[in-house]
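Two complexes come next, and they have one chain in common, chain A, joined by chain B in the first and chain C in the second.
And then the complex of A and B:
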């Protein structure tokens, strides 16, 4: 009986995920229209958040570069979108971001954490101004237009990117590379002494996380239909993944996902309901969650669960 | 020769502002350990308050310093007392506090910017004050811009003397080196940290008032100044106040040279310098 119980428990999580995936695949047929747009927006934020977590959570380096990778994806799509088929454009968007990440990583990942955060924060502004300067000087336009594609296509592409990202994250976490990354976050010098090529590992992981952010940007560009440097390289896209991950809780993989789902849904609702007070409300929620939920939503859930079911045990 | 002089003086004028902004951020990071992403919002508040006082009540912009400074100081002081002090006690290590406080300051950016946009709206505001040309050995500049440099230097030097010579300054320096030991030596550490954050905000507010003398101000102007302040602070060495002062002027002169070639390239040039510096000497000019 015991063996069966263990087997069932092991199967429970994958089965649940499979059902969820099937439901997500079926959604556009059951509820076309706004629901699809809402869900792929949420999926986009999950992609951004999880790919941020992939690099920053184990290593402890706070990257504020997601907006840069996202923007590179957007511009790849804007430049190549009409010339190449969609899957190719999205792959190139991901690769272009990864290339940028390799470059930035090689330059800065030897530095201490705080310099890395400052550097990546400024990187977004740099690329924004560079693209703006280039567009005004050489192409003579400020923004670009894209050919719209059906909402369902965007939805399925975003879902595919998310599934690929989750599988990658899962396998990295399970492999010895995941362990090595974890050890970098705990003590970088000790990790180096055990024979881990610390810098190389950091750079590669940074690039892998950028692939998915860039790919998401490439498909998001099509949803935007009009882009300019200020839209593409919006600094909010750097902070949102970080805040969503913290909001959900970094301890478990499902924490950032939960954070991204709850927060991006909240964001959509607040933007449509209170367009003039939306930033104030979002800012307040974030501030309160940073102050009062140090372990995020996951910490809150665990605390409640202990309170409800764990009454007879001592809280240790 | 005149163009050369023109460029250098223009660089010094710009550099004074940069130095002032960066000193505030440097104080906030160097002592209170808050990488304040909302620094530019305090600049924006200073600028818009000055604009309102001048256009609605006719208050001399220079006099409004007596209002902007204390107001932004108080705001910063209260924010540190309520938000960052709580974070400081709940974070288990310095690294955790640094990343948490940065994120908290980002949510402050949202809150402050939204309140400001409710109060002032999205319009770009400007006013004209002391826009009389002054001839400096052949190079012509507006009196308002020269005034900016004068103020920046006076405030910068006064601030340096405050840190270097007074008892409170000594407490601030002690808190920057080792907060725990400073606390044991009888420094009221909470008060000193809040004071530093408030002073940083006040420097930003003052810079905002000076910026409004020369450039138009609007609600979304903060971020660009935050980025410049970050670059200057790294250039001068994280946490070093004299370093920020020197770094500000260095960046100002570089900016002025680049602006002479192509104005829209200046921010890109700053960033290239920043990259080179990080590669060669990440601790900055005055860093150890």
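And then the complex of A and C:
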């Protein structure tokens, strides 16, 4: 391979991403209306999925807490939305979620495997019912209303959150901390004995991933216009990122993104076309993909690539 | 002054005293062997030193500093590295990255990534794995995985290296290579404390040997003294 070829190949991915970003920025001008709503819904699911992947994929700690972080963002927005400017509200939503993640992480990240998953799942229920109790006892109302803003504002805020998330994920993955997170997933005891402060690294990464989930919740709240604890802390928001990530494939960063795009698009189409059967269809698609695509869409792409380019074997 | 010393180190698992009131010391530059029948508490003692477990009572000092109950990553950074009885490599990561993690996180002073690559490459060469740096650790043979663990431990620039049954499961050629490796590590000025079942290896490599039985230290001395000790022979062969 010549030097120019290498340079071009290196530039290809960032160039492609830049074009994609420009297209996304231009979209509301070219296709206002439903397309904007559809795309920011997809962007929201990408944010949820990539935030989940940021922590759970390398470490192997399956977190079902996204709905809790998302809901905290939603409530931040509902409480502060009319008092503070939007960007501040989004930031506070993210920070509030991160604070919750720090707290929960410090308490529970010593739990391994299924115990951690169940605890985080319980957390969503706990906060949901706590908020419900609080609202009924102290505010006397179950839900809250939010002042709507334009679809384009929601769109651009969601896009900005996603870009920030992708940059963060990229730099963590490339840094030594990305390597350390992976080693925790491989063998936590060995990681600790190699000098890695496993507890601290897990808690901080968990909190970073919660920042983006919370921020997405804060802007999503405005789209919802009416929220109550059942809407804000919907457990579906915990399972969707996991499903989308697995559907896309966990190995590469583009896997979960692809999974979130395809899955949420599919979901949107199925809801509008087959409102009565859509859950059935989603379930079937999931079953089939788990059975036949153990490595997700990425696995499928890699299999095709191998068929075209021929196999590669390493020797020991 | 000993580099590592323990006083009255005790650890219970339920009602069982896995390690009971054990005193020990390792002098700088020594190779000390730790032997004993299965279940004698050897690995437990290593776990207590490396911070994987916290002793119920007793004190462990490293270079004069009390390290009892410190977290493993702190102890590693202070200069104690270890390998594991059942190999614990980062299976899906390339051998080189396994070792790099040691340089990046375990060394007393932080190391830049480029420097970590250089150190890891040199260490893979040192343990004889330079040909498989890009291979995922899980695809290496057992002997090579054990060497990889040694390289990863050395990457943390330890002053004391704990080797837990480095030679278990290796064939005679690999055992001989492992023995040579241990001597070369000592020649670099690193003190070694090793658990081993391969008697030939431990007798020829160690300066001093300590024997544990049912969590109690029953003998200590030069390889000759241990080989002829009536007590040790009784423990191993019965009366």
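In the analysis below, the second predicted complex is superposed on the first by the 308 of 316 C-alpha atoms of A that agree within 3 Å, B and C clash if a C-alpha of one lies under 4 Å from a C-alpha of the other, contacts with A are read in each partner's own complex, and residues count from 1 in each chain.
Throughout what follows, contacts are C-beta pairs under 8 Å (C-beta built on N, C-alpha and C of every residue); 3 or more make two chains touch, one makes a residue touch a chain.
Note that this is a predicted model, so its numbers are computed, not measured.
Novice: Taking the superposition on A as described, I'd like to know which of chain B and chain C A:176 touches: first, second, both or neither.
Specialist: The answer is second: A:176 touches chain C but not chain B.
Novice: Considering only the touch criterion stated at the top, classify A:208 as touching first (chain B), second (chain C), both, or neither.
Specialist: Touch partners of A:208: none, neither chain B nor chain C.
Novice: What is the contact status of A:165 with respect to chain B (first) and chain C (second): first, second, both, or neither?
Specialist: After superposition on chain A, A:165 lies in contact with neither partner.
Novice: Given the touch rule stated above, what does A:111 touch, chain B (first), chain C (second), both, or neither?
Specialist: Only chain B; A:111 stays clear of chain C.
Novice: Between chain B (first) and chain C (second), which does A:276 come into contact with in this model arrangement: first, second, both, or neither?
Specialist: First partner only, chain B.
Novice: Of the two partners chain B and chain C, indicate the one touching more residues belonging to chain A.
Specialist: Partner touching more chain A residues in the overlay: B.
Novice: Give one of first, second, both or neither to describe whether A:290 is in contact with chain B, with chain C, with both, or with none.
Specialist: first
Novice: Have a look at where A:67 lands relative to chain B and chain C in the superposition and call it first, second, both or neither.
Specialist: neither
Novice: Looking at A:192, would you say it contacts chain B, chain C, both, or neither? Reply first, second, both or neither.
Specialist: Only chain C is touched by A:192; chain B is not.
Novice: Mind listing the chain A positions that touch chain B in their complex?
Specialist: Touch list, chain A to chain B: 60, 62, 107-108, 111-115, 117-119, 121-123, 125-126, 129-130, 132-133, 136-137, 235, 239, 242-243, 246, 276-280, 282-284, 286-287, 290-291, 294.
Novice: Would you tell me which residues of chain A are touching chain C in their complex?
Specialist: 176, 179-180, 182-183, 186-187, 189-199, 314-316
Novice: List the residues on chain B that touch chain A in their complex, please.
Specialist: 35, 37, 83, 86-87, 90-91, 95, 98-100, 102-104, 106-111, 113-115, 117-118, 223-224, 227, 230-231, 234, 238, 262, 264-265, 267-268, 271, 274-275, 278-279, 282
Novice: For the complex, give me every residue of chain C touching chain A.
Specialist: 50-52, 71-73, 76-77, 81-82, 84, 88-93, 97, 100-102, 104-107, 113, 116, 132, 134-135, 139-141, 144, 152, 156
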